[in-house]
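Which chain is which? They are A, B, C, D and E, in the order written, and residues in each are numbered from 1.
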Amino acid sequence: MADMATDPLLADITGPTPGQMLRKRIFGHQGLLIGAVVLGVLVLVAIFAPWLAPHDPYAQSLMARMQPPVFLGGSWEHPLGTDHLGRDYLSRLIYGARVSLLIGTVAALISGVIGTAMGVAAGYFGGRVDAVVTFLINVRLAMPVVLVALAVVAIMGGSLQVVIVVLGLLLWDRFAVVMRSSTLQVRGREYVAAARAVGCSTPRILMSEIMPNIVNNLIVVVTLEMAHAILLEAALSFLGLGVQPPTPSWGLMVSEGKNMMLFEPWMVMIPGVVLFVLVLAINLMGDGLRDVTAPENRS
Amino acid sequence: MGDTLLTVRGLTINIPVGGGTLHAVRGIDFDVDRGETLCIVGESGSGKSLTSLALMGLLGGRIDRRATEMQFDGIDLTRANARTMRALRGDRMSMIFQEPMTSLNPAYTIGDQLTEALLLHRDVGREAARARAVELLEKVGITAAASRLGQYPHQLSGGLRQRVMIAMALMCEPELIIADEPTTALDVTIQAQILRLLVDLGREMNMAMILITHDLGVVARVADKVAVMYAGELVETGSASEVFNAPMHPYTRGLLRCIPQPGKTERGARLGTIPGIVPSLVGGVTGCPFRTRCDQVVDACRQAIPRRNPGSGNHEFRCVHETGHRMAEESPA
Amino acid sequence: MSDVNKDAPVLELRGVTKTYSVKQGLFGAPKPLTAVNDVTLTLGRGEVLGLVGESGCGKSTLAKILLGLEAPTQGEVLVDGERIDATDRRRLARRIQPIFQDPYSSLNPRKSIEDIVSLPLLVHNVGDAASRTKAVREILDIVGLPARVMQTYPSQMSGGQRQRVAIARALIMKPEIVICDEPTSALDVSVQSQILNLLGDLRSEFGLTYLFISHDLAVIEHLATRVAVMYLGRIVEEADVAGLFDQSRHPYTQALLKSVLTPDPGMGVPDTELGMEYPNPIAPPPGCHFHPRCPAAMDRCKIIAPLPIPTPDGHVECHLFDGDGPEPVRSIS
Amino acid sequence: MLQFILKRLGLALLVALTVSIISFSLLFLSGDPASAIGGETATDQDIEAIRVLYGFDRPLVVQYWDWLSSALTGDLGESYYFKLPVASLIADRLQITMILGVCGISFALLTAVPLGVAAAIRPNSFIDRLALFLSVAGQAMPSFWFGLILIVVFAIQLGWLPPSGASSPVHFIMPTIVLGYYAMPAIMRLTRAGMLDVLSSDYIRTARAKGASEGRVLFKHALRNAIIPVVSLAAVQMGFMLGGSIVVESIFALHGAGYLAWESIARNDLPTVQALILVFSLFYIIFTFLSDVLNAWLDPRMRAG
Amino acid sequence: GKADDTLNAAFTKELENVDSYFNSSREGVVLQRAIWDGLIYRDPATNEYKGNLATSWEWIDDTTLEFKLREGVTFHNGEPFNADDVVYTVNFVADEANGVKTQRNVNWMKSAEKIDEYTVRILLKEPFPAAIEFLSGPVSMYPNEYYAEAGPSGMGLKPVGTGPYKVIDVVPGAHFVLEKNETYHDSPKGQPEIGKVDIRTIPDVNTQIAELFSGSLDLIWQTPADQAEKLATMDQFTVANESTMRIGYLTLDAAGRTGEDNPFTKLKVRQAVAHAIDREALVNALLKGKSQVISTACYPSQFGCDQNVTSYEYDPEKARALLAEAGYPDGFSTDYYAYRDRDYAEAISSFLNAVGIETNFNMLQYSALRELRMKEGSPVSFQTWGSYSINDTSAITSQFFKFGSLDDSRDQEVKDWLDIADSSTDPEVRKEHYSKALKKIADQVYWVPMFSYNTNYVFTKDVDYTPTPDEVLRFTTMRWN
C-alpha cells in the first residue's frame, strides 16, 4: 500500500484550501496587483505626507505664483511648480492624497454600513422588510445624487465633514442592491437551512453563515463606492461646493487650475492625472477582487 | 446491419487548464452502424459529453481534439472544415442535450426554433417548414401541435420541452442522433415515455443513435451496443447482453453491484461499493485509471493495459487480468 | 426488518397544508400554489418512511415543514406528541436533523469541516472546545472520514465526502429523526451506494427514524419500511414497503413502478400508460388531480376529489376503491 | 394586468412623493431663503418683507402642503430668481437636457454594445483587453476633467469643434461624448458579461448543433438575450444622466436643466431646485418603468401567463 | 464678427429678468443702458448731466422736479413716447406693492404727474440730492400701454424701450440678441453703429476664452486678472482695464456679537490683523490692473471719502507683537467667512495664519453668510461692496455703520456722525462728519479695507471700445475697426 500513496493519480484528492486558491488567484491577477501597488503607494504617501512634502502645503508666496513645474522649465525648488497663491504644488498634491483617501474611505464606510444593513435585512427577512428596503432603494435611486449633494452642501456649507457625511448618506444604494441580492442568493443555500435546522439564532446565521459568503461582494462594492465618492467629491469641489479651502483636495486643485487651463494646462493636468490614477487603481483593484473572489467553482 | 455509419479511432481530447493539460478523453475507439443504438455509460466527469461534442465538432476552440480516424459516412471528420461541419450538423447528424429547461432559446417561439434547422439546410419555404414541424410535434406525442408553434419555451414543462428538442433534432431526418443524457433531468415516468419515443422513432426512421447516460437501467433497456467509460477511457465495450450478463471489467462489475435491483438485491442489505474517487486527469496519465479504486489492483496496473476480448463477438475490455479478476498468485499492490 | 414500533409515533402530521403565493410574469397577479395539500401522516419510531413523487409535488416543502423551516398554512405537526410550533427551535433541532440533496450547497464554503460539523454543538453549548473537537473526530470516524479532513474546506472534497460531512453534522447531536431530502440524487451510483450503506448502518447503530425522500423507487424499496406516494401535494397512497411494491393500488403508483428501469438487457422500455405531463400546480385539475393522466379515469374522477380510503397497511386515495367501483386491485405483471 | 400596472404606477408615485418630501425638508429646513431672494443689496427690512410675502414664517409642513397641492395641479411655484413659473422655466430648459440625454445614451449604447459583443466573442483577446481597459479608465476619468481636455484638444488646439453653446448639432458632439462615456463602461461590461453568459448557455450550443453559422448564433440567438438586461441598465443610466448633466452643461455652457439646477442652487432658488429634483426623479421613475415594459416585451418569460 | 456686423459677447451670470427694475445685476444694467433711456444722461467721461428723453429739467421745490420731454421719440414697438409713459413708469415703480427689486433706486420717488403731453413732474417723498444721478442711471422709461399689458415678466421676455438697441430674441437667462435701433433719437448716448449684438451666457471663463480663440466671441468682460494678463500678450486681442467702485474688506467683530470674549473685541487684535496682511502683494499679484490698496471704509473717489486716515503697513512682526500684547502670544483660532473671490479670501486667510491667527475657512453662499451675520454675526469675514456705483460715501460707510444687522462694530459715535453727514445738505458738514467717522473706523480697525476691484474687458482687434470706470458695457460706443 505504501507505494499506492505515492501514486500520481492519488496526488490531488484534496486540493488547495480556499485561502490558498485565493492567494494564488490574487497573485495571478495583473490588474489587481497593479491597482493594489499603486493604491498602496498612494496610501503611504498620504500617511507620510508631512515627511514627504518638501514645503508646507499652506504656505503661500504671492510673488511666486504659478511657477511652472520642472519639466516645463521650472526650478527644483518647486518640482511641480506653484499654484495661484504661490503654494508648492507637489506638497499640495501629497496632502491632497489624504483628503481624497479620507473621503473615499469614510464615505464608503458610512454608506457601506447603511447599505449593508439594509440589503442584508431585506435579503434575509424578505417580505415586508424587503418591500420597505426596495422602496427606499428606489427612492434613493430616483434622487439625482449630484443635484442633491450639491444642494445640501450649498446649504450646509461645505466642510470636509459635511461632504463626507453627505456622500456617505447618498451612496448606499449599490451596497443595498448588491447585498440584498447576494444575501438572497446565499439565503437559499442549503447550508443556511441546515444552520436554521440546527437551531442557530438569526444573528448567528447572519454573522457566521451569510456574511462570510457575501463579504467578497461587499469588498468589491466598497472599492467601487470609494472611487465613486472620490470622484463625486472632486466634482463637487470642481463646481465650487466641495471641501473648504485651503484644504488641498485634488478636485479643488483641478477647479482652481481650471482658471488657467488654457494658458497653464499643467495646473489641470497634474491633479487630474493623480485623481485619475488613484481612481483607476481603486477600480483595478475592485475589478480584480471581483474576478478573484468570483464564487468558488464547483469542485 | 453492419453498415458502418460512424467510425472513431483513437479519439483524444486535451484541455489546457490552470495547472497543465487535462487529458479528458484518451484514445477511445468505437463504431456505430446505421440504425444501431450505442450507449455510452460512465460516471460524471468521465468524458461522455466531451466525446459527443467532439463528434459534432462543437468543442470550443481552446480544446484540442485529435483522432487517428473519425469518419462519418465516408466523410473524414478530422479534416472537415467549419463549413462542412455546419452542413452536417442539424442535417445528417443532430443532437439532443441534457437540460431541456435551458437548451431552448427563451427569446424565440417553439416554431421559430423548430423550423430553423430545416430552413438552414433545406430549400423549403416557411409554410412547408411549419407543416413539417407540426407533423413532428405530433409524432413526438404533443397534442395541439399547431398551436404550440407560437408558444415560448418557458410556457412548456420539462417533458414537453424535451419532446420539442427531439422533434427539433429530427427535422432533417438525420442519420445519426446523439442524445446526451436526454432524460436525466426528467422524472422517472417522463423518462420512460421519452426513452420509448426515442427508441421507437429511431427504429422507424432507421437512425443510428448514440445515447449517453449514467443510468445503467436505461442502458440495459435501450442499447444495442454498450461502451463503459471511466476517466476518459472506454474500459469495456460490447453488446448490451454481453456487458450486462457477463461484465468483465472490475469497474463494470462494481457498478452493477452498486445499484439496488428490485427483486435481485435484498431489501436493506448492504450494497456493493466502489471506494475512492475519480482520479485527476491533469498531467501525465499512465496505466489503468481505475487502479486507485479497484479491488483487483496489482503492480502491473501501472503499465500499459492490454485490450482483451473474452471471446464472443465484439465484447472487449481493458484490464491487466485476463478475466478481470486477480489471479490467486498475484498479490495486491 | 420488523423492528418498527407503530404504537408510539415520533412524528405526526395532521392535515398539513402549505400554500405559497407565486408571482406570474412581471405584471401578473400573484396566485396561490398549494405545495402540500392536507397531508396526514404518522411516522413510528425506527421506521423509514420513503416519500416518492414527481418533481414539484411538494416533497421538499413537506420536509421543510417537518424541520420547522416553513410554517404550515394549516394543520399541525407533532414531534413526540408535542406541536412543533409550540416547541423551542433549539429543542426541536435536537430531535430532527436534515440531510439535503445538494452536497455542494449544503456546506458553507467559508468554513472548515470541523467548524461545520461542530456548529450544532456550539449552538447548543455542548462541552468545551476540546470536547467538541473530540466529538467531531468521533462522528467523522463514524461516517467514514479520516480525522485529517477536519481542517479542510468543502471545496476540497468530492460530492460523496461532502455528503458524509453533512451526515456527520446531522448526527452529531444524536437526533431521533433524520429527514433525508434526496440525499443521493446528486451523486454517482458508485458513491450513492456508499451513502445508502452508511445511512443503513447508522440507522441500526443509533436507532434512527428516517423520512427518506427520493424519486428513485429502487432506492426507496431498498431502504424504506413504509412508503408514501405523493402527487400534486397529496399523499395518494401510503403502505408498507412490501405491500406497496408487491400489490400497489393507486394507478399512479403502478405507473411509477412500471417506469423503474432495471438493468435487464432486452426488456425494452415499458409503456407507463400515463397520459400527458405533470400538471401545473398553480392550476391543478379539478376532481382527482391525477385524472388527466390516469389510464383508468372514470367520469366522476373529473369532478369529485377522492377521499382517503383505509387499506390494511395504510391508505389510498382513488375512486377505484370507493367500494362501488370496479375491481379494486389491479395487479401488475 | 391593468390592476398591476396601476399598482406599479402608484408605487412609482409614492417614490416620487417621498423624494419630494425628503428634498423639501433638506432644502427648506436649513433656514429661510429670504436673504437669497433679496440678494446682495437688500436691506434688513426688505428681507423681513420677503419672508412674510413668501410665507417662510409658516411651519414647514404647511409650506410643503402648499407646495404639493399646487404641484399636483401642475403649478410648481415661481422661481425666486427669474420670477417666472418654474414649470415653464424647466420645460424650456429640459429640451436641451433631453437632447443631451438621448444623444448621450445613444452614444454610449452605440459604442458600448459593439465593444462588449466583440470582447465577449474573443475573451482575453486584444479587443477584450482594450475594452476592459477603456471601461476601467473611463470609470476613473473625472468627467469635468475629461470635458476640459476635450475642449483644449478639439476646440482650441485643433479647432474642429465649437467649445460651447447649443446652436447647432455640432455643438452637441463633445457634451454627448462626455456625458455618454460615463455610462459606457457599465453598459459595455454588462453586454460583455451577458454575451459571455449567453454564449456559454445550452441554447447557444443547441443553435450550433443545428448548423447555424457563427454570425447567426451571435446576432440572432445570443444578442437578443444578452441585450435584455442592457435595456434596463440603459434606462437607469438615462435617468442618472439627466441628473448628472450638471457638470457637462456647466462646462459646455448648455442652458439645460442641469445647468439651471446648478445655478439655482448657487442662487438659493429653492422652488426651482425642488422642482428639478422632482422632475429628475420622475424621469428616473418613468424610465425604469418603461424599461420594465420594454423588458417584458423583449423577454417572453416576463410576460404574464 | 465684423463680417456679419454682429458683435458676439458673453455674460458670465444668468440674468434673472431683462426688465431693469426686476434685476440687480451688472448684466441687467448693461442691457438696460442699451434697450432703454432715462430722462437724463450722465456723460461717463465728463460727469456732465445731459438731457436724454427730457430736454430740460428744473427743481420746482425741494421735492418736485419738472421735465420737458423730447418730442418725436417712439418706442421699439412703435408706441410714441410722451408724458403718459413717464407718469405710468414712475407711478408703477414707486409703488412698493409692485415689488421692484432694487427699491433704493426708486423708493425716493413718490409719484409723477402729467402737466401736458410733453411736460411731467416727479414728486419726491423727501429732499433727495442724488435724484438727478438716479434719474440718469437706473430709472428708465417704459411704454405705458405695453407695460400695463405685459408686466414685468412680459417685459422680461420681450423688452420694449426707446434705446439704441432693440431686442429681437430672449431666452431667459441664456441668450439675448439686440439689433441696432435705426430710428434712434438724437441722444447724448450717441448713435449705435454695430448692427447686431448677440449675447450668450457662458458661465465658464475658460469656455469664454475658448470661444474667443475660436472666433465665435468678439468680446468678453469681467475676465479674471491672470487670464487677462495672458490674453494681453496675444496679438489678436485688446485687453482694457478699468477700476470699479467695488472694494474688498475684512469686517471684524468689534462689538463682540459672536461672544463677549471674542478676540476681535480687543483693539490690539484688530490692529494685528491690519498689520498682518500684505495688501500691496494682494493687489500686485492677484487683482492687478487699476486696483489700488485702500485704507478707508469707502472708495476713494466717493464724496466724503477722506483718505487721510490711519493706515497700517504690512508688518507681521508687529502683528505678532500686538497679538502677544493682547494676550495671545500663541495666536488663536477663529472662524473666517467669505462668499466670493475665494482666492483673495484664501490668500488673506493665509496671511492671518502666518501671524498665528488660525482661520477656519468657511466659504458660504451669499445668502447663507448674510443670514449668519444677521443672526449671530461672524468673528471675521471677507466682504465686498460696490456702492451701486454711487459716488458718495453714504452708499457704503453709512450702509454698514449705522447699527444694521451687518454692523459688527456698533459704535454710537460713528453712527451719530454718519447720521449728520447723511442728512445734511451742506457739503462741508457732510465731508467733516464722514471724515470723523472714517478716521475712527480706521483707528479702531472696525474694518480692514483691502483693495478696490477692477474689470477687464477683452475684445478682438476688430472691435474698438473704450470702457468706462462705472463697469457698464456700452454697445453704443463700440465700433468696428
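In this section, a contact is a pair of C-beta atoms (placed from the backbone, for glycine too) under 8 Å apart; a residue touches a chain by one contact, two chains touch by 3 or more.
Listed by chain with UniProt protein names: A, D = Peptide/nickel transport system permease protein; B, C = Peptide/nickel transport system ATP-binding protein.
Bear in mind the structure is a predicted one, so any value in this text is a computation, not a measurement.
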- prompt: Among the chains, which one keeps its Cα centre farthest from the Cα centre of chain C?
  reply: E
Field: Identity of the chain that, by mean CA position, is farthest from chain B
entry: E
Query: From the C-alpha centre of chain A to that of chain C, how far is it in Å?
result: 48
Interchain centroid distance [CA atoms averaged], chain D/chain E, Å: 39
Task: Just give me the whole-number Å value for how far the CA centre of chain B lies from that of chain C.
output: 31
Computed distance of Cα centres, chain E from chain B, in Å: 91
For chain A, residues contacting two or more additional chains: 13, 154-155, 240, 258, 261-262
Task: Going through chain B residue by residue, note those that touch at least 2 other chains and give them in order.
output: 277
Statement: Listed in rising order, chain D residues that touch 2 or more other chains are 31, 148, 156, 250, 266, 268, 301, 305
- prompt: Inside the complex, what are the residues of chain C that reach chain B?
  reply: 1, 54-55, 158, 160-161, 188-194, 196-197, 200, 215-219, 221-223, 241, 245, 255-256, 258-272, 274, 276-278, 280
Field: Touch list for chain C against partner chain A, complex
entry: 64, 67-69, 89-90, 92-94, 96-98, 100-102, 104-111, 116, 119-120, 123-124, 149, 152-153, 155-159, 166, 169, 173
Query: Which of the residues in chain A come into contact with chain C in the complex?
result: 13-18, 21, 189-191, 193-201, 204, 208-209, 212-213, 296, 298-299
- request: Report the residues of chain B in contact with chain D in the complex, numbered from low to high.
  value: 56, 58, 86-91, 94-95, 97, 99, 102-108, 113, 116-117, 120-121, 152, 154-155, 165, 168
Field: chain B-touching residues of chain D, taken from the complex the two chains share
entry: 201-203, 205-213, 221, 224-225, 298-301, 305
